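Structures given as structure tokens follow.
Note that chain A is present in both complexes that follow, paired respectively with chain B and with chain C.
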Partner chain A sequence: MTVRELAGQLGLEPVCEAEPDREVTGGYVGDLLSWVMGRAQAGDAWITIMSNNNVIAVATLTDAALVILAENVSPDPGVAELAERKGINLYRSPEAAFPLCAKVAALL
Partner chain B sequence: MKELSLNILDVAKNSVKAGATRIVIRIDEADGWRTLSIIDNGCGMPPEFVATVTDPFTTTRTTRPVGMGLPLLKLAAQQTGGDLFIESSVEPPTGTTVRATFRIDHLDCVPVGDYAGSVVTLIQGSPEIDFLFVYNREDGQSVTLDTAEVRSVLGPEVPLDLPDVLMWMQDALQFEAEQQ
Partner chain C sequence: MAALHFHFDIDGEDFSSAGEASVEMKKKLRQLGFPSDVIRRCSIAMYEGEINMVIHANGGSADVDVYPDKVVMVLEDHGPGIPNVELAMQEGYSTSTEQIRNMGFGAGMGLPNMKRYTQSLEIETKVGVGTKLTMVVSV
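Let's look at the complex of A and B:
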């Protein structure tokens, strides 16, 4: 399933659609960035409530397919532009991480 | 990072890389605040590098585009209402001071963790460097380990990375009630 299809199915709000045709192959959820950095896999849909520049750095390092900001979290100022520059797919959703995980798991 | 001790390891390694011959690591707790200071006499960083060093896309490494040590320490500090401060000078080369402040009673304040393990790991990796470690705990207890002093007692022929010396230092770093 592509990022675009997943975003459509989940009704995600795009913050930065840098590469919507990327394939999503898995999922990860977590907010402790140093932990996520060593565990999220390339191609994952990463669900988090963190919203700063470091999220884009961790998404770059892990090569996550997309980042989903849960619970209507807004990206900090400048984060959307950084995602654009680094080619990171960034979305947000009003739903909490748990139902988002369940839906991503059901779709993959 | 789940423990401050992991940040200590990460940041002090920068000091080693900067060619420091003396590295001071302090944890000072007072008035509800925990302050971590890492002070080295290494080569320092130019002002334009200091300005970007907490940007996760800055690094001295060439293997990956981002360096996460200082950005994560800054995030950990700010999550508790504290902050990260860096002073550094190349000309004159007076070294670098990294200082991070944490509100101890904040829910997102990570525990100090195995600081003794981090300090011993640093000494083991660079036994020729002088390390001064000081931990002043909020309850008034404190521990100090000065490897320059250890070296002057043991004499120049005893390297600090001998297993027995490392074990002794690991023990010397414990607070009294916790010593085995």
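Let's look at the complex of A and C:
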């Protein structure tokens, strides 16, 4: 399933659609960046409530297919522009992390 | 002799640019055609080191030597040093402030991640003088 398809199915609001045709192969949820860094896999949909610039660095380094900001979290100022520059797919959702995880798992 | 050498200055003032050196190194390793697992391990180790330098040492420098069979990363700072390395190596141990934790850091996984994802991690540190980490990832 592509990022675009997943975003459509989940009704995600796009913040930055840099590479919407990327394949999503798994999922990861977490907010402690070191933990995510060491555990998330390339191609994952990463669900988090962290909204700062460092999310983009971690998404870049882990090769996450997309980042979903849960719970209506808004990206900090400058984060959308950084995602654009780094080619990171960034979305947001009003839903909590748990239902988002369940839905991503059911779709993949 | 190293096949290639890369030098990065890590800005300690600006948290928002933390990770820049790791991202840049990753790009270079990818261009050089290294296996994705090697790139991943180097990226994780370098990122943790970079973040530590920003959190604790007001920045520093990173020197990466790329050989056909290994990547050697040397991270050096003139920060406060690590008073108890054994303690700092324990997962979950952190001296980060509440503010740093609120940003998603300070999980106490920095040094343990560096050890886990590299073949060797050498720590030279002196309180009040600084810290030098030498990490090797084999290809």
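Here is the rule we use: the second predicted complex is superposed on the first by the 108 of 108 C-alpha atoms of A that agree within 3 Å, B and C clash if a C-alpha of one lies under 4 Å from a C-alpha of the other, contacts with A are read in each partner's own complex, and residues count from 1 in each chain.
Assume a contact is a pair of C-beta atoms (placed from the backbone, for glycine too) under 8 Å apart; a residue touches a chain by one contact, two chains touch by 3 or more.
This is a predicted model, so every value here is computed, not measured.
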| query | With chain A superposed, do chain B and chain C clash or fit? | reply | clash
| Once the shared chain is lined up, is A:N53 touching chain B (first), chain C (second), both, or neither of them? | both
| task | Report for A:G78: first if it touches chain B alone, second if chain C alone, otherwise both or neither. | result | second
| said: Let me test your reading of the model: by the given contact rule, A:G38 touches which partner, first (chain B), second (chain C), both or neither? | reply: second
| request: Would you sort A:L61 into first (chain B), second (chain C), both or neither based on which partner it touches? | output: both
| said: Between chain C and chain B, which one touches more residues of chain A when both complexes sit on the common chain A? | reply: C
| task | Across the two complexes, find the residues of chain A that touch chain B and also touch chain C. | result | 32-35, 37, 52-54, 57-58, 60-61, 86
| said: Which stretch or stretches of chain B touch chain A in the complex? | reply: 1-2, 6, 55-57, 64-66, 68, 71-72, 75
| task | Show which residues of chain A lie in contact with chain B when the two form their complex. | result | 32-35, 37, 52-54, 56-58, 60-61, 86
| Which residues, counting only chain C, touch chain A once they are in their complex? | 15-20, 22-23, 26, 36, 40, 43-44, 47-48, 51, 103-105, 107, 109-110, 113, 116-117
| query | Given the complex with chain C, which residues does chain A contribute to the contact? | reply | 31-35, 37-38, 42, 50, 52-55, 57-58, 60-63, 78, 86
